[in-house]
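Next up: the structures, one after another.
Next come two complexes built around chain A: one with chain B, the other with chain C.
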Partner chain A sequence: MTESNSGAGHVVPVWEISPLRIWVLAQGTFVQLVRMKVFYFLLIFVALVLVIAGAGLFWLPTEHLLALKRWSFGAMYLFTMVYSIAATALLLPRDVEDRTLYTILSKPVPRIEYLLGRLVGVLILNGIALAAMFLAMSLLVTWKMPAVEQQLVEQLLHGASGEAVAQSEVNQAKAEAARYGVNGSLLWAVWALYLKASVVSAVTLFISTFASSSLFTIVTAAMVVFIGHFHQLVLDFWKLNEAAGWFGSLVARLLVIVFPNLGLFDIVDEVITGTPLGIAAGMQLTGMGLFYVALFVLLAQLVFVDKEL
Partner chain B sequence: MDSLNAQPAPTEKQPPAVLVDHLTKVFHPSLTRQKVAAVIDLSFQVGIGEVYGLIGPNGSGKSTTMKVILGLITATSGRTEVFGIDSGKVGSRRDVGFLPENPYFYKHMTGRETLEFYGKLCGIHGARLRERVPELLAMVDLESAADRSIAGYSKGMLQRIGLAQAIVHRPRLVVLDEPTAGVDPRGSRHIRDLILQMKAEGISVILSSHLLEQVQEVCDRAGVIYKGRMVLEGRLEDLTQLDQQMEYVVEGGPAGLEEKIRTLVEQEGGRLLSSGHPRTTLEKLFLEATGDRMETKETKGTRHD
Partner chain C sequence: MKRPMVIRGPRLIALVLLISGLVRAPIESKLLADLRSGGFHPELRGSSAVQEAGVQVMMGALGGLRYMVSTFLTLRANYHWEFQNWDKVLEEYRIIQLLEPRNPDAWITGAWHCHSNAWAWYSQDDRLHSPAVRKILAREWVERGKEMLLEGIKWNPDNPWIYRDLANVYRERDRDLCQAAEYYRLASLTPGAPDFLHRIYGYLLAECGEHDEQAMQVLRQIYDEGLQVLRQQHVLIWKPSLIVEMRKLEERLGVPAAQRIPERFDSEGFVIATPLLPQESLPVYERLLARDQGGTPKDPALPGIISKLRAELTKKSGR
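The block that comes next holds the complex of A and B.
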């Protein structure tokens, strides 16, 4: 909190950052995006999972469940990436173009609050959309679980070929089936997707602070997302391939430093096939996500704070 | 505000509403293009409760000056203060309302939501906001269109909702950039009345306009900017007065009176420059001729520009 001398000669406290104002801007952003009818995508998602759910006759229950989760996560990934880039890219350039930014920043609103408000609005939208899609997927997965259990138990009995099967083995088969269901690891996978979308939103927001148009922002952000998925590959190249010479090494170092490592958040494939994810790994992911978001918001603020409007 | 032409002198205790001191703003468009000096060594003050007109041709530096005052851009040199606070600080905008030229607001919002949004940004919430918004809607005559999307607003309605958002937090200074640009005479008159109302409430106003007649009607003082420099400044009364001429308006005089007056003036060493019937203005004629029809349209909310 700082203090400044008001015109009336009284010392009046001024909050540098007001969570309430950020919330007002975030609400405004959320309503703006909702009224752009972005949630219509959810109808497509529901249609997709219903089609996959209805196609169960052609697969074994375990395969069916796997397909259901894979397609659902694919749709979630598509939604969050597209909206993280497109929705964020539209906000700042449009506000500059329409001069709505003038009326906002001519109020006692610090620029960092504007940036945070816009970002939080997109994150709320992504959060609600992901939660809705995850809920829809979970309902179908839970509905299919008895069939998976039955299949695994039948496989066990079939394998025993008439011999008696111990209850412990049946329980083991059921436990195996539970790995395909809605569990903590699946939640971590959704959370990782959300973190990744949040990083992409923050990157897009940063790009939009110096971009000349929404199109430039979208294209550049898409490139960052693309390159960000090869971060580990470039890092390995930097560390291991000394033969690349100084130029190759320099480019690799630049790429590693400049682009966020989005591959870190790609845990969906392992999780949907039943590989468990521990709390420690989940917390590490969360830490990396928050670090990247904070970093790109800070960079955005550094560019935006003195931007001439 | 009771002193229409008074120029309040800033005191030590009460700084002026706006202080612009040797302001220079140079833009650097790109590496290849030349620098552009939009404002050069500009100085002026706006007193508390004063309405100040900033006039000049397009590209003269009016909007740039306003943006520096509002902290939207930084000065290359010189200083600007709002109620004694450096205009680069966020705190200086606590008491300022701004209506940009040709304002656009979020099209997904209604008029009421727009005012609520800007009110909340200014820290007005709850009952205070619920009272303030209808009050403002009534003031700018947009009650009937309050719950309609901004996207369907006419130019005049946009200007009025813009004016309402500018004063939502009861600022002590209002900055208006071309507030009547593109607005029909009736809407223009309405906005002018609102400016006069602000003036009556003691709100300081900086107004830029191409409509010199309007500036003359509402402003206490004016500055003329040309190519970034202040070329003329003063009280409107002083600026517009022709010291060497007098004007008399006579009603119901007998025939031959004009000749008698001419003779009398010449006897006293003067010269009668003009005489004839005084004329009304085209604006007044327009307002009289269209009054009822425009009101009907406006209440129905039809676009009229």
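The block that comes next holds the complex of A and C.
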């Protein structure tokens, strides 16, 4: 074993990081993951949304459409969370096991590039899968839209109790129907889901740099995701229970500081029912997502650079 | 020579986590406040801290699957509805409303099960209780529906349809037209509310009989504005509800003849200010249609109305 791959790695300045090498590693990771036949999940997804779209589970077209979007986003959420954790957790141990890691690091590839390459590979896969699922859902939603429009106009006429309804009010009902369709906010919702998945991938990557096994990484990352959704509760506890005792307060503060606030990215629920997300808020959310990814990649690098391989 | 102190390993990780946590805490708080002001991440309700904590634990545990679970619960509620298991329907909707308080449909549909479905079942179909008990139970379900809608308004103050449903409960179940008018008024004040909500508010205010002058003011304003719009849009037929209510009010308030609304508007090119008998209105409609002959009628409903009136008159003459 050579010196370069058996001992701790050296830290390279940011300007020496090569995007091209990262891209090559990302492509390799992507191909490796695709070979694991993950895209079969898309078939399950399409089957699920087709069943929901075709089944007469609800009376009203609006309810039907909401259900279609909710289940689609639910499936997207499950896929991205499970996949972000499982795929990322498997990467490092697998590379060690089949010795790919040593092959890569024996070449002039800094460890940060290896980590970034692996992470970007997972992110590309997540992005493609989410885009495909979003497209499938959008097609079905568009297909169902005329029925929703008709229902809302009928509801308006019915609600008017025989009163004359102006054309502008009918147009308003149609505009209301557009709220249920595919719109810009829905894209923000998918983006938020993607950001959340990226943060989870980065967290998992960080855990895998010091974990003793893939199982440990998966379980720990799942716990982080679970706890990451309790930020608001912890914050309220912190605020409300200042006088409750130093220990509880300390634990609350530590939890908030250490764990990422994943609940912040849960905008899907409101977007589905028609709440629009502004560009400013969307950009802030993006900034926060990128901050978390950068933070956990940095932490992963800090551990990995010292790791004896 | 003294070696420089280098922080590495777990201590460095802890330090980076600590610093980043302190940096991001205020940014996150601001982002959360911005999202909340835009209608996201609703602040959770709960009559006690324990209840609120329980709701937050549930929402946190569900993560991004909150609405998926809510859809499943809606299906379950529909199942219980089929078997008239009203307590279960209510139970499911209470959870749905906890999960998605900003969704007006959760409140409207949940309340509809209470004030209409459960009420109707206890009023007509229940065979287990005596008529007196059934009446009490039916009343209880109406009250539950009202409570649910009031709670829904707290969460969705800008949604006109929750106010409208509450107004209709007062109108149809309680026969309290003044209260119904008030909720129609509140509905008409919400952003983007359709105009007919304001008109129904006026009619109910007139029908309730306690605010005649106020009702006259509201209806007169609608009448004046409507007249202007009708002239601009060349609308030929005006539904008579407004005129009927205004005439009643004119009588009750003793409005002098000169100030009352005119009987007909034939000369200005459009009718109808008063409800006419079919034999009276048919020639008017036919004249209007004849005016548009050769082109598309200005009011697309006109041919339909004429054939309906003709059929009605033929039926009457046949008798």
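By our rule, the second predicted complex is superposed on the first by the 287 of 309 C-alpha atoms of A that agree within 3 Å, B and C clash if a C-alpha of one lies under 4 Å from a C-alpha of the other, contacts with A are read in each partner's own complex, and residues count from 1 in each chain.
What we mean here is this: a residue touches a chain if its C-beta (ideal position, glycine included) is under 8 Å from a C-beta of that chain, and two chains touch if they have at least 3 such contacts.
As the structure is a computational prediction, the values presented were derived from the model and not from experiment.
When both complexes are overlaid on chain A, the residue A:L309 reaches chain B alone and has no touch with chain C. Of the two partners chain B and chain C, more residues of chain A are touched by C. Touch criterion met: A:L66 reaches chain C, while chain B stays clear of it. When the two complexes are overlaid on their common chain A, residue A:V258 makes contact with chain C while staying clear of chain B.
Contact with chain C, but none with chain B, is seen for A:I272 once the two complexes are overlaid on the shared chain. Contacts of A:L25 after superposition: chain B is touched, whereas chain C is not reached.
Contact with chain B, but none with chain C, is seen for A:D98 once the two complexes are overlaid on the shared chain.
Of the two partner chains, chain C is the only one touched by A:M288; chain B is not. Note: residues 306 of chain A belong to the chain B contact set and to the chain C contact set alike, using the contact criterion stated above.
Taken together, the chain B residues at the contact with chain A in this complex read 13-15, 17, 27, 67, 70-74, 82-85, 89-100, 102-106, 108-109, 117-118, 120-123, 125, 162, 165-166, 169, 172, 175. The part of chain A that touches chain B in the complex is made up of residues 2, 4-9, 12, 14, 16, 18, 20-21, 24-25, 28, 31-32, 35-36, 98-100, 102-110, 306, 308-309. The touching residues of chain C, when paired with chain A in their complex, are 8-9, 12-13, 16-18, 20-22, 24-25, 27-28, 31-32, 34-35, 38-41, 49, 52-53, 56-57, 59-61, 63-68, 70-71, 74-75, 78, 100, 102-103, 105, 161, 164, 192, 194-196, 199-200, 229, 238-239, 241. Across the complex, chain C is touched by residues 57-58, 62-63, 66-67, 70-71, 73-74, 77-78, 81, 156, 159-166, 169, 172-173, 193, 196, 225-226, 229-230, 232-233, 236-237, 240, 256-258, 261-264, 266-270, 272-273, 275-278, 280-281, 284-285, 288, 291, 295, 298-299, 302-303, 306 of chain A.
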